Amino acid sequence: MKGHLTHFDASGQAHMVDVGNKPSTARMAVASGIISLSQVSFEKVVQGDSKKGDVLGIARIAGIMAAKQTGQLIPLCHPIGLTRVAVEFELDDAKRQIRCTATTQTVGQTGVEMEAMTAVSVALLTIYDMLKAVDRAMVIGSVQLEEKRGGKSGEWRRNSP
Amino acid sequence: MKGHLTHFDASGQAHMVDVGNKPSTARMAVASGIISLSQVSFEKVVQGDSKKGDVLGIARIAGIMAAKQTGQLIPLCHPIGLTRVAVEFELDDAKRQIRCTATTQTVGQTGVEMEAMTAVSVALLTIYDMLKAVDRAMVIGSVQLEEKRGGKSGEWRRNSP
Amino acid sequence: MKGHLTHFDASGQAHMVDVGNKPSTARMAVASGIISLSQVSFEKVVQGDSKKGDVLGIARIAGIMAAKQTGQLIPLCHPIGLTRVAVEFELDDAKRQIRCTATTQTVGQTGVEMEAMTAVSVALLTIYDMLKAVDRAMVIGSVQLEEKRGGKSGEWRRNSP
Amino acid sequence: MKGHLTHFDASGQAHMVDVGNKPSTARMAVASGIISLSQVSFEKVVQGDSKKGDVLGIARIAGIMAAKQTGQLIPLCHPIGLTRVAVEFELDDAKRQIRCTATTQTVGQTGVEMEAMTAVSVALLTIYDMLKAVDRAMVIGSVQLEEKRGGKSGEWRRNSP
Amino acid sequence: MKGHLTHFDASGQAHMVDVGNKPSTARMAVASGIISLSQVSFEKVVQGDSKKGDVLGIARIAGIMAAKQTGQLIPLCHPIGLTRVAVEFELDDAKRQIRCTATTQTVGQTGVEMEAMTAVSVALLTIYDMLKAVDRAMVIGSVQLEEKRGGKSGEWRRNSP
Amino acid sequence: MKGHLTHFDASGQAHMVDVGNKPSTARMAVASGIISLSQVSFEKVVQGDSKKGDVLGIARIAGIMAAKQTGQLIPLCHPIGLTRVAVEFELDDAKRQIRCTATTQTVGQTGVEMEAMTAVSVALLTIYDMLKAVDRAMVIGSVQLEEKRGGKSGEWRRNSP
């Protein structure tokens, strides 16, 4: 049934669902999220790009490493041998926001959406950590799946706003 | 200097800053965040409360366990011996949102804001994971610090909107 | 030779044995274990089921997550991409015991017995942890393999007592 | 109240309880457990002692390392800076059993019982892993706390049988 | 291009490179390294072999376990399901050195060189840890790849000196 | 006795030694190590500094994060709440070498030498990983303690060569 929560069995008990009979297919997911900064902290990040402390470089590594730990953070997530992780940032000067986008890939029996979502979340948390000495009021938002491909349910794309 | 990024030294190199000379004080932080659901996935969570798969119970555990791993996820975060972690959820029927609030405490030389922020993020990611089979379009937002106490900078509270 | 300890080489040195030439087959294992409680702690668990603190729900999650960490806990165990983990509990009112059963599956070159055994052990340790404030004398016992399938040695079942 | 499960708050929600106000005292715990072997696997262990594959040496290291990971395995356990871990084994030839005893110590705000229980469990699981090629029917039992000292509740000792 | 750093994309951003389209082949790597000891600490290791504290046995286990954690230590390393890890030691009485050699294998889309290098490094660090009470001046050196096989680049061997 | 290996008890069994009675003092350690590169890979690193792939920035983060995991990598090492970690690099153009220096600090009952040694080792392994596509023959060497302070044994410095 379409509306069934697969992480629970018939009696409502949580389990890590059986994916052993699923075919191994190429899987891909893209997730994104935004952190909103104050003027002063936004400028610190821009300066960081010019080598006074590379905030985004460190956040990228944190996001990539977190993607590899997803199965140990999210209780019912299958462990996955990721074949690719990429984390990118875009700075929006007008809104003083940083947008993080993570792309994950594997060839396997289960999707990599959670790995992309986790990479985005931890990359943004790392930015928060490095800037919190100058700005505790930053807000992380719009953490969401943008796209996924592969598996039985095939392709999915977020509708444009 | 107020505007200095403490995670970088004078030459712009990242480091885990020295907190060894700071006094050990009682520390506390509260963070919160929201996940916005579709009608069908929101109802699954409500049912979960009535024992057909306890989505929030599992997300709570994931958040608490993630708080304990913060130092291994966030590159320049100090490892901290947390003395308390609590994760709570509120359901907003009108908006079909779940609000997660995490409270962390320790007695130590550095704050526990990142631990609270990480607990909220991973709890919300866990909700996403358990409901994504019925709703991939969920959005995580407003992940933010609400309050912190202790340390040199003392108390901080987010202004009411 | 049947009686050879495969975790040691010809000179008695420990190693993680080569499974690279084994065919990849469907693997499955079932393990179980028992925790014996006092009257007062047993009642706490039963109440937990009626929503005053869900001891078994938390122990189930702990067991599932531990199964995924088996390769990092047991020195010579191969890392395995589990495709399924399920942890179940039965309460025996007469004996005041909780029986935990874990089932693990994968498609791979090595068995999943240790993952099932580890899930049972950590689930029972978690029950102990949550009840130890009222009863330190609880005993964990009969942690054992019940069944395994797949691989060169094929099916194995514990004899009935 | 004596019969209260401290891992749950007043509304029955799990949390990692606040130990921040407890005094820091010297803490100690001893746990033990037994694995029962077949004749052939028991002899392998005895031989191992004479340097043809040191089963107990490896199990000891696995137990010590697992004690350090307890806070990441048991959901509501506080992270603890252990100051000592020791794991010992006794062989009972008549019963073909190995008895494992773990002793843990710290100076802190919370007890180290779970660390001792986890060390014993993982040490015995490691023995199982190394011998399972010759004997799948081994049983782990009598995993229990023997003694604990320190903290508000002071000393506790298991009654002699 | 032969001289391209694959861990960075065209714009110089770090990523975990896509190996999803590579064929799965048998992979193997051998790495080695040396620790140079003082007379007194070298003798401790030799004695250890005769059962007064098995320094090398513990270092071997540490190296094997570290190989399994490589993907979580080295930021851009792919997680790999190792099928074999072996760690060996040779003692050179004349030079008072211990040489550690690690061999790793898998069948997969990416090489296992880093796993072998990591096993060697952590095994030698463990020897350092156990002997540092008698000799802090020990030096770890010549940590290097000896050989690798499999994958597109095929076989590679270090030239003899 | 000066020549005693503290990681083993009187009967030669490994244990994590009791530091509970040691006073808590300020601890500091400095370790260093070198990686020797070919001409082509050395130039890649220099270019990396000018923003075409920041090899050293990533290695620094890997080293810092590894320092925090030392207690889980080195079997008998005590878990330590580090108060500071810094990792620095120097490039020697003439020798085509990169020298890594790590400084670790804490206030505690046991030293932080292993944390500094581990940070150096993993930082150098990370450099190896990022450059191995252009140069597999790189060698890591001279990984050694430079200095330590604090604790009963007080200050120690490596003699100049």
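For clarity, chains are labelled A, B, C, D, E and F in written order, and residue numbers in each chain start from 1.
We adopt the following convention: a contact is a pair of C-beta atoms (placed from the backbone, for glycine too) under 8 Å apart; a residue touches a chain by one contact, two chains touch by 3 or more.
A quick note: this is a predicted structure, and the numbers were derived from the prediction, not measured.
Asker: Given the touch definition stated above, what is the smallest step count connecting subunit A to subunit D?
Answerer: 2
Asker: Go through C-E and D-E and name the pair with more C-beta contacts between its chains.
Answerer: C-E
Asker: What's the distance between the Cα centroids of subunit A and subunit B, rounded to whole Å?
Answerer: Using C-alpha averages as centres, the distance is 16 Å.
Asker: Distance-wise, how many Å sit between the C-alpha centres of subunit B and subunit D, to the nearest whole number?
Answerer: The answer is 31 Å.
Asker: Which residue numbers or ranges of subunit B touch two or more of the other chains?
Answerer: Residues 13-14, 51, 54, 57-58, 61-62, 65, 69, 75-76, 81 of subunit B touch two or more partner chains.
Asker: Which category does the touching pattern between chains fall into here: line, ring, star, complete, or other?
Answerer: Graph shape, chains as nodes and touching pairs as edges: none of the named types, so other.
Asker: What's the complete list of touching chain pairs for this entry?
Answerer: The list of touching pairs comes to A-B, A-C, A-E, A-F, B-C, B-D, B-F, C-D, C-E, D-E, D-F, E-F.
Asker: Spell out the residues on subunit D that touch subunit F in their complex, using ranges where they run on.
Answerer: Going through subunit D, the ones touching subunit F are 26, 57, 60-61, 64-65, 67-69, 81-88, 105-107.
Asker: What residues on subunit B touch subunit C, complex-wise?
Answerer: 51, 54, 57-58, 61-62, 65
Asker: Which of the residues in subunit F end up touching subunit D in this complex?
Answerer: Those in contact with subunit D are residues 9, 13-20, 71-72, 75-76, 78-81, 108-109.
Asker: List the residues on subunit B that touch subunit A in their complex, please.
Answerer: Those residues of subunit B that touch subunit A are 2-8, 12-14, 33, 40, 44, 48, 51-55, 58, 61-62, 65-66, 69, 73-77, 113-114, 117-118, 121-122, 124-126, 128-134, 136-145, 148, 156, 158-159.
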